[in-house]
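Input: a single structure, listed below in structure tokens.
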Amino acid sequence: MMLLKINNLCKSFGGLSAVLNFNLEIRENELIGLIGPNGAGKTTVFNLITGVYKPDAGEIIFKGENIGGLPPYVICQKGIARTFQNIRLFNNLTVMENVKIALHKNVPYSLPAALFRLNSFYRGEKEIEEEAIRWLKLFNLDHRREEIASSLPYGEQRRLEIARALATHPTLLILDEPAAGMNPNETLELMELIRRLRDEFKLAILLIEHDMSLVMGVCERIYVLDYGQVIAEGKPEEIRNNKRVIEAYLGEEV
Amino acid sequence: MLELMQQIVNGLSLGAIYALIALGYTMVYGIIKLINFAHGDVMMVGAYVGFFSVSMLGTNIVVAMIFAMLACALLGVIIEKVAYKPLRRATRIAALITAIGVSLFLEYTTIFFLTPQQRIFPQGTFPVQDYSLAGISVSNKDIFIFISAILLMVILQFIVKNTKTGKAMRAVSEDKDAAVLMGINVDNTISVTFAIGSALAAAAGVMIGVYYNTINPLMGILPGLKAFVAAVLGGIGIIPGAMVGGFILGILETLVSGYGNSLYRDAVAFGILILILLIKPTGIFGKNTGEKV
Amino acid sequence: MIMNVFANRWGKLGAEILILAFIFLFVQYFITVGVFNQYHQIIITSLCINIILAVSLNLINGFTGQLSLGHAGFMAVGAYVSVVLTKFMGMPFLVGLVGGCLAAAAAGFVIGVPTLRLKGDYLAIATLGFGEIIRVILQNIEYVGGPAGIVGIPKMTTWGWLFAGVVITIATIQNLINSSYGRAIISVREDEIASEVMGINITSYKVLAFVIGAFFAGLAGGLYAHYFYIIKPETFNFLKSFDVLVMVVLGGLGSTTGAVIAAAFITLLSAALQAFPAIRMIIYALILILLMIYRPQGLMGNKELSVKILGKIWSGKNDAA
Amino acid sequence: MRVSRKVVWLVLLLFAFGMVAGCGGKAGGGKEAAAEEILIGINAELSGAVASYGSNARDGALLAIEQINEQGGILGKKLKAIERDNKSSADEAMSVSADLVTKGIVAQIGPLTSGNVQGCTPVMMDNKIPLIAPAATAVSVTVNEKGETLDYIFRVCFIDPFQGTLMAQFAYDNLGARKAAILKDASNDYSKGLADYFKKTFIEKGGQIVAEEGFIKGDRDFRATLTKIRSLNPDFIYVPGYYEEVAPLIKQARELGINVAIGGGDGWDSPDMVEVAGKANLNNTYFTNHYSVEDPNPKVQEFVKAYRAKYNKDPDAFAALAYDAVQLLVQAIKDANSTNPEDIKNALANIKDFEGVTGKMTIDEQHNPVKAGVIIEFKDGKQVMNTRIEPK
């Protein structure tokens, strides 16, 4: 079944088109890559899908509903979660608190229950705590739980950000350069993790990545973006041999 | 119609005063992102220096203004070195509280040494000439203060945009660490910023003192606040914005008093300001620089 | 650990109540036997009111990260509405206080919804403007005395009311902050975009914090009015908002204990300096500047003072337990 | 964690109270009064919005105390002033009063403004210590809502209705004004009080109020409102404010070509008026006052001379009134032949024909001074007595 369908999406900044007539389709449980030279508009596409930017034109149909232009928190509540290219953790808070904030979406008790410390608050907090620990264990961050997020090494910060995104229980996870700054070993582990997440949580995943080994290794279909437009789409091997793609990447230098 | 013209003239001359103070405010803000709440009080000190220069040394008003500007430039640099520099890496709100402290310190040290009573500029410090143009009364001091505000804005804009110091200022404003790497002496640049900002405040102080005849140790609070509002209205950190903000505020207040109800003047003026901000959340000239994600 | 707290919940609650009762009776005893004379009682009153103001503003400025300069306006609403209810309409004090709080919260909602879209200094100016608007309106309402204000307000605020006010304010705000809703509020301060992408409606949480902060500012206003005999609009001008802001920043943004300590410090300092009229404000200003230079993050930073930390300081241990 | 935190705040609270108790123990325990000294509390606005007026009042009071002591004191004892700053706020004024009371004062002079005096009222009433207000003019200062006189609160200044009514009568009868405009300090209760009674009387007499406008303390630019008033063509403008605002206001009015008569109250009384507004601009302006600094009365001239000698400036109304407040207190102590606050209070309530700088006064049942009012006219920068209204 179709999970996300983007039709003729457009966005321009100060007269310059960042994204032009962009189309994309993601089925449930699919792993899609979005690649392209620097400045091709990939992150803009992500920002449009997650509501950080409002589209100028076009539709973003998620589970049969146009979510284009909705505020980010609504889009999150509908089941899309993301990470950021330049990690955006809550830097002064602990690892545990970072994940708990993501769990707020499904907070199991009411505001009065919190203010007056009703039983449901204690029960709910216990649930939240347990679930947060489950996520941290899954990402092997359990031992860091009381540490301040910004004090973590880079790779762990990336993992924490993915854990935090998953804690919102998305059906579509969007990863913006998850392997940036990782060594080959870490990248390999990440590939493994991405596959596992997809299978375990029945997720669709859309990712931007410059590391071709990761994209080619893990994605089932790939979209190539240049100057805000899709120039190619297909299976990894098709993309690898596509003339326009090669031109686009070579042309980047010119 | 005649009355409206008169009110607009009134508004422009009141606005020029706000603009004059707002210029220094916005410049310091633009470079080091500090809301210098002591700016109005530096203005007060400038007014006092000017006053003593005229009344005790018997200088003319131009010399008095130069004295005041020099004294306040020095004062501004000292304030920056002593009170703000240690907080350069701290949160902005910590610096804001320090600025409130400096403001109180200047006010009450002045009261301690010079009593809280107002001082009066000697008659004839500025030979006043009233003109009546088609029924609209204007005095030469209105014109003087109006031209000064515009002139100072142009000079300031020129300094910031076109001189080497100005480029250093803008570099510091963008990124202090990068500026250091580019070989810019950040400390000196900030000192110069404060010196210019404080000298501007002093000039405004002397002009206001002469304009209204009287000065007192708490004279900086209200105009300081209004100037801050004017600077925010224009888009804080933007030099032409401060001037436009000042004029808008002046005209707004005048029109509320003239055609609305003066008892509600500040409420209506603030109400309109908030409305403008809701429409233009970063002030009239402010660019809505959305955070890069 | 959470299991532990959960299991011992009722036991700890009992201990809390015991300690609170002890403090209450301790001070009450001193008042009754006259060790605390009228002067001390006035200072205790100011202290409690300042604690309520600082802790509630800290929710807005410290935990939510929204620079508000209009707190005195909410205090004014609480003060005036409570006095109208008690003095003019003859309602009981409790009704007056609650009415004042609700009115202030309503004002917070009306002001918060449009202005909280603004950021940083623009928000500061908008809130300052609203605070001044409230004051100017009060100045022009003949029913509440215009600039002369309301005189002869019956003295109803007692140590018991103040103590209850402080405890309720601190408990409510701490309960809020240490809950999922509080974490959502703090995430707004930390990173608005990340927070929103995590499904948090940042505007509504800003408004929530603003409304609760205003509610307790209203409480402070009601308690103030029923102790100091007279209220007038001038009392609640923007300089009053600055005073509260100073307490919050001095204590450390985002630290409730810090706000309490700073409120106590400022109140006692101010009282102690009354005897030096000539240099009073100069000393106050110098202390402010020096404290900020040497403790720019405030007395407590964003940490809370807890038995754990005290214990650590006591035993000189450094390991994080 | 959650629980332990709360506990600590409370312990901290306790510490704070302990500190207060500690401070108080020291201060309250040893009364500063040596047996041969009479302590007088001075609760003044020395910082904050009205610091300039408050410090003048303080100066006036201190001059009086110094003079009494030079003359050998009273009942064989010297007077000693304890000065405190109330930051121009009612709650601070209350805490200052409470502090002064614990120091063993026999009476308190000040604060200056009505609101701040009212802040002190409960403390003075509870502790049964008299307060003499130099310049608190609101009617409600000395009486409660039921109209009962507050036993321990006295004043030496006029009440609002007196001055407002007086000027309305003068403007209507003597100046022939029929269309008046009012320009008041919107943030100031004194200004509002005078304006209200002026309006009431003026309308009763058949006049018309064409505009009621306001300004705010600290304003220096009044042209917008003045331009509006000019277009309404009033034949009299009532500006019951303080001189720091009124002087530039009159100047700007004249510059805008408004040449009609302008009137005000005792807040105008300052040497600064002439210097700021200019001699010519002040012609055709009138204000109600207690006395005139130009009054040849030796009592007045001695005061003005002594004040000049000590402070190197001319006194304003606040200095003169505070001076009289102290002198009135001294008179009461003499009459009572006691320094017991209760006796002083009784003596104060019975004072008759006390000769003060601001006039001969008798304290009435509501603790207000009954004294003659004068209307002063500025003529080429000189204060000239235009009319004298004897008390009924």
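Going by the order they are written in, the chains are A, B, C and D; count residues from 1 in each one.
By definition in this document, a contact is a pair of C-beta atoms (placed from the backbone, for glycine too) under 8 Å apart; a residue touches a chain by one contact, two chains touch by 3 or more.
None of the values given here were measured: they were computed from a predicted structure.
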Based on Cα centres, what is the most central chain?
C
Pair sharing more residue contacts (C-beta pairs) when C-D is set against B-D
C-D
Relative to subunit D, which chain's C-alpha centre is the most remote?
A
For subunit A and subunit D, let me know how many angstrom lie between their CA-based centres, rounded off.
70
As a quick test, compute the distance in whole Å between the mean CA positions of subunit B and subunit D.
34
Roughly how far is subunit A from subunit B, centre to centre by C-alpha average, rounded to an integer in Å?
48
Touching two or more other chains, which residues of subunit A qualify?
52, 84
Where subunit C touches two or more other chains simultaneously, the residues are 136, 139-140, 193, 278, 280-281
Among the residues of subunit D, pick out those that touch two or more other chains and give their numbers.
46-47, 49, 186
Subunit D contacts subunit C in the complex at 1-14, 16-17, 19-21, 23-25, 27-28, 44, 46-47, 49, 83-86, 89-92, 94-96, 98-99, 101-102, 114-115, 118-119, 121-123, 126-127, 138, 140, 144-145, 185-189, 191-193
Spell out the residues on subunit B that touch subunit C in their complex, using ranges where they run on.
35, 83, 86-87, 89-91, 93-98, 100-105, 107-109, 111-112, 225, 228-229, 232, 236, 263-264, 266-267, 270-271, 273-274, 277-278, 281-283, 291, 293
In the complex of these two chains, what residues of subunit D are touching subunit B?
46-47, 49, 51-52, 54-56, 186, 212-216, 218-221, 223-225, 227-228, 231, 244, 247-248, 251, 255-257, 272, 275-276, 278, 313
Can you tell me which positions in subunit C touch subunit A when the two form their complex?
2-3, 6, 9, 172, 175-176, 179-184, 186-187, 190-191, 193-202, 208, 302, 320
Tell me, which parts of subunit C touch subunit D in their complex?
5, 12-13, 15-16, 19-20, 23, 26-27, 30, 35-44, 46-47, 51, 136, 139-140, 146-149, 151-152, 155, 166, 170-171, 174, 178, 224, 228-235, 256-257, 260-261, 264, 268, 270-272, 274-275, 277-278, 280-281, 304-308, 310
